[in-house]
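Chain IDs A, B and C follow the sequence of writing; residue 1 opens each chain.
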């Protein structure tokens, strides 16, 4: 498959994804395609089902109906939920990355920063301590974590540093698809700005595809090309990020946009 | 003259769902073209929808009806119907837009803000920054500011960063929303030079210019949207 | 088969456990031997001693013991410490079998934390007492997750532990319970034996069985199985060494214990394997400590 054709094939394709929790709706009948190099933002208030959808997409939750297909490096489409577990877990630690809202969900708090970054390398078979450490240092630098802290445990880091370390740990193996759940949630504004700038640069530089769940419209505007607005488990509006935010058509999106001071 | 931009029977209205669902009509049945080598001024009093029309051409606002066609890579693409990915491609290669205000990204230096459209096209960082520097020189932005983030700049400085960013990528079609509004005479002249150079290079420009001097200096014709206005 | 205990006339089944329990444990053992390094769950019984005293090893020993077996029990290499003496006595009473302190005479050796210095031979069985069978436990506390990691051979985490060692100490500082890969498949905790003994496990002629009483797991390394200690290319596996020989027998190749001699902190190093040390002395070898005493 050539580069050009590659860009015409969705990297991830969601087809009528529905997930309920008993009588409670998680997300309902959601379909979309994510293309290589594309960043999609999913916005909506708490409880709108955006995290449920993200977890379904990332293979962490099994949808009740519908399917999600991922196109691997060889060009074959894999059904994320019916491939064998070893294959899915392999994807999760090589091609995919998942950045959690709370860094401690995505880090090993009792392992040094270097060990955290090196884990995916070692899982991939790296067995040279010197090389692993060199790559860890390189990634700490890229994510603006003081390299002299490489042997410190993340529980001695600030929230912003922990989050950047989580990103380093996820991106060290050069994934193709990154899932992010409120990556800037819980950080104060100046720390957020630094993180956003970092993410923006890395996404562009590495040509990453990403799906970002956030309730912060400014984050969505800065990071995503396209936007999906969710409410009560449904996608109520979708389109180009700046169009959805500047000329929202749906009543709920209009309310959402007009509710923030500076989207 | 080659046609580069073609608007046919374009209609726009805003429906405010949270204000009793009232609909504010803007215009209807609007037709317009822009050709290679010309600069078209959108004319009409304030509140007529000049900026709205410009945003519709850029895909920033949706059309309620009609076609907004752009000649992109040898094919006509209807922005009103195109999917998000195609619009982004058109914006990357064909359609430039200089808005009234610079939307600043925290912490990104001026040089990188200007180089960004080139980097998005795959130009390597060093070359892109060289070209960005060249463009910043043309708009008279002092070199001491290049490595700072533009958030703290004055209105005129931000405007020039915005202009440099818009002109750096040589888009075949340029949309200019009051590009000279907050500039003094010298800097306005620098921008007018850029517009003249773009015309000479065969690009099509559509602009909103507040003062008549600027208009008469670079614009080939005026397009009045008043006649398409729909009153509420 | 029953054995009359020497006192009170009480009768126990041979080797204490009932035959059904032994069958159950032997089944687990067969599975463990068939899948080297894999932890087989078994329905561990209450034994007449607390957990941590070797209940896992004792159940394994009891299940495979035959009346003609000759049993040796060691604790940290020594035949004469409390744990070793008690277990030896236990089996003497409940099975009436012969015991020995000589490694080469034993058919069955139960051990806590050492492998004898004398190379084991075909036909011998070494039973290890294991406190925590899961090598991944301290990095990943979820049992569901560690099982999955074993099943899918996801062992990157084990190297993270070694990485942490080097990052903190400049070298792999793990000196006991040093993780090994068995038969190029499962990562296994060799029980808290010193890493000094790891090379002895590799392609060992004897059958090695591991019993964890509290956690109710059995695993095994069949004779002549590859057992490789994990390491990094630039930090290869090494065993520890001493800069002096055993004070008593003069051996410079065995695992030495440090013994504090007095309140002034005078120290001496002696073989941890008492049988090995004694047989060398019988052969006339002498260490620097002995020469000084003469």
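The rule we apply is simple: a residue touches a chain if its C-beta (ideal position, glycine included) is under 8 Å from a C-beta of that chain, and two chains touch if they have at least 3 such contacts.
Please read these numbers as outputs of a predicted model, since none were measured by experiment.
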Response to the item:
Relative to chain A, the most remote chain by C-alpha centroid is chain C
Fill in: Closest chain to global C-alpha mean, per-chain Cα centroids
A
Response to the item:
Taking each chain's mean CA coordinate, chain B and chain C are separated, in whole Å, by 77
Item to complete: Between chain A and chain B, tell me the centre distance in angstrom, where each centre is the average of that chain's C-alpha atoms.
Response: 32
Worksheet item: So what's the Cα centroid distance for chain A and chain C, whole Å?
Response: 47
Response to the item:
Among chain B residues, those touching two or more other chains are none
Worksheet item: Which residues of chain A are in contact with two or more other chains?
Response: none
Item to complete: In the complex, go through chain B and note every residue touching chain A.
Response: 14-18, 55, 59-62, 84-85, 87-88, 105-108, 119-120
Practice prompt. Using the touch definition up top, name the residues of chain A that touch chain C in the complex.
Written response: 85-86, 89, 93, 108, 110-112, 114-115, 118-124, 127-130, 132-133, 150-151
Worksheet entry | Residues on chain C engaged by chain A in the complex (per definition of touch) | 139, 148, 152, 154-157, 159-160, 163-164, 166-168, 231-235
Discussion item. Considering only the defined contacts, which chain A positions touch chain B in the complex?
Written reply: 35, 38, 193-194, 196-197, 200, 204, 222, 225-226, 239-240, 242-243, 246-247, 249-251, 254-255, 258
